[in-house]
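Report on the structure given below.
We call the chains A, B and C, going by the order they appear; numbering starts again at 1 in every chain.
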């Protein structure tokens, strides 16, 4: 009796909540699969939809953002078997889920820890609040494929940013699996966009993109000087984070601080 | 008799359509602007100009239960010739007295440029029936007062019965005929600059020739910010209608330096056209001698002693 | 003539009330003929010099050094030596006391510094006396208190100094920007090489004397003077661990490029094109004061100046009328006169830039208004200017002019105001004027700017974080947040400040 031939998944990009093929029609082979190889135009499209999706995400209450992120953790937990296969294993998946839960709990505490009210010498009330910087481009580290990506993307999300991330080049499948979890979660379409492909090809376009506010070069692998130089074209915030850390300062690196003054009078 | 229309709450002022919108006042910014104007450094000839102008704008005032014709006579002499040793010092603008003392004041200043102003309308509280107030106004005018100072009825004002306040001013204006009507807002009882602005516009709409800060009977009389607030209301009325309304800060102005600050504020808010006793008065009882001392210091170069200036 | 008519006779009105000159005494300042670089607690004889002048009179004031890369390196080496052999070992409480000393000496010598600031920079003495100096001293006082409390500011993060900070400051608030840079750097335990702006080096050089009086250990603060070449040498120096720059966006980008890949820390406080938004329910007279303070304060040489006025259409006319009238009372002239409201343009180069942009505004079709005022013949002057009929696309509505030039635009709804205000690559500051509390907060949430002044403008305080979004830079100065750029931490750090 012939064994059943499995129906194989086509690994596509994740842009604007949908799963398009690269406009270039290209794929590359990774982890024994054909994976979408995003082009500069795909990167451009991703930035465009991220910019459009950002106000809604940033405008949600922090409580609500926290809940949406918690829901994402639930989605990943429920698919942990698939994720375990596509990452380094069960341990990575569990740490990923726990990390998202940890960040979900930060959403509505950031302003209290990072903000301040400032006792100015005059009849004014003055306070400082953190705000998302906007659209963040992230070069995820190659390893660990799931936890590395999540450790960079989720802090940016927690702070209210929209993200365009370039997934691990060598192990991109976990990113696509994550995209499927995101697509069925309550994260609005376009808030997270995941590109697979050649990092060296995509990174310069994101680094020089004038509508990207911050560039995370954690996964840049040595080639960062050129990217940092390009990032200066619109004074991007350049973040070199940790591929495996869990800290509110990782969130803070994607935040701006806004200070508001108002007179106190009758 | 003039009758203010019944007005909806919150938009109550019986202003003609061309009068400025009521608007509001930001207290902190107003006070900062007033403080910044008070930092002007007025020296030498510019200072002498201001001090002489301050003398000519001064309303020498006595409003005491113990006032007598003798006291008024002394005040009048001081008003006519503030510095007996210096004929170059001009007379003050007016003397301001209670109604009973109007006849003796008029007699004392006759033939001089000094005018007689009388408070009326149940000064300082305003808490009397309208008929009584109007009777008092007619009486001081008949007895020769050049200017009538009325107080607004703060009770109705603070309970949003603006039409009553307006109506009363209109009637007093009618009763005072041709003489100048100064309307005292008693700002210390109005609570906020928003109210001061509102009361200023209301008084001007009802026919005030001057608006004045205070009776002088309460602590917290004229201040630079409250005066600035009223000047800005005057400026809005001028810009909208062309009417030039006068301003009188009263109470608490004791030093020549303060008087100069008030005049700088006037100059930079309403311009040089307002630098006349016809449109600006300083209400004060103890300011004059300090101004005279400063003027003599400017002339002689030596700092002065109060022993050389008459107390009246 | 009836008796009554006689009594109502009008008295004549004077033609004018000209204020007599009220100059602050220049004798409060004694200048040397020639200044070197302040390195390692002593004066280093410069190999090259240039002349620094008073922009109000073009009078030469002193010869100052044009630092060569070698001289910059000498300063960096002195700072490194001080960092490693002393300053970082001094107890934090002692560090605090040095800063308190500096604050006190600045307060005591405030008038002297104010005069020098106006002399060398052209700003009105009223402002250097009432704004620059009090704030500069307050800044040292504020950060002095932080020096021995860093672990409370950043719990669980083990804050440690970065090392040698290279600091490059602009000419618009020379001493105040010096204090914004030096005070937090020292409080955090760093040593400093500071380069003041080419046109305004003198208050920084006099500040060296404050350091002497405060007995600050040698090399903790080093001051090198010169033009952009000296700044570039400081940025390139490998002995510098952190660069803090305040200045133009163009130079800021160049610095960011220069530091790419080096891993050295950077904060940038760059240009702006702030919208000052007036709603029809605003307290108008105060709003007009805010507009004036927003753009004519310090001749408009302010990165956060409210250079784009957005007025709700329904009150456009009264606002513009009031504004024009108010402009006629601005007193332009001698910076040392206590009654001067608008002083001299800082340099010939800046004057040229202002002129060029104003010409472009006229050519593009905006309507220009300048109040009648007599400008001095010598020196660099530009009359306060308002442009009406400005379209969002005009250069005067897009580019930072850094001068006393206001562009007036209109809007109809809050949405439109936000859209226009944010329609710029900059994001330093914004102003909102309305009596409606909920609208203030709604606007404040949406304006993409690091500082939002609601019903006020151009207020500063050492406890209040200041810095930009987008191309206005990153990092914050002031407040607890202002310490972050000068510290290293355990467990990641935020780039935003």
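Basically, contacts are C-beta pairs under 8 Å (C-beta built on N, C-alpha and C of every residue); 3 or more make two chains touch, one makes a residue touch a chain.
Note that this is a predicted model, so its numbers are computed, not measured.
Among the chains present, the centre nearest to the common Cα mean is that of C.
Taking A-B and A-C together, the pair of chains sharing more C-beta contacts is A-C.
Compared with chain C, the chain whose C-alpha mean position is the greatest distance off is B. In this assembly, the C-alpha centroid of chain B lies 43 Å from the C-alpha centroid of chain C. With centres set at the average Cα position, the gap from chain A to chain B is 68 Å. Inter-chain spacing, taken between the CA centroids of chain A and chain C, is 36 Å.
Touching two or more other chains at once are residues 124, 263 of chain A.
Contact with two or more other chains is made by residues 26, 28-29 of chain B. Those residues of chain C in touch with two or more other chains are numbered 455-456. Residues of chain C touching chain A in their complex: 138, 157, 249, 252-254, 256-257, 259-263, 268, 270, 425, 440, 444, 449-456, 459, 461, 463-467, 469-474, 476, 479-481, 489, 491-497. Taken in their complex, chain C has these residues touching chain B: 4-5, 7-8, 10-22, 126, 130, 281, 283-286, 289-290, 318, 321, 329, 338-339, 435, 455-456. Listing the residues of chain B that touch chain C in their complex gives 23-26, 28-30, 32-33, 39-47, 49-50, 53, 56, 115, 146, 178-180, 232, 239, 267-268, 272-273, 275-278.
Chain contact summary for the complex, chain B toward chain A: residues 26-29, 31, 191-193.
Against chain B, in their complex, chain A makes its touches with residues 123-124, 263-266.
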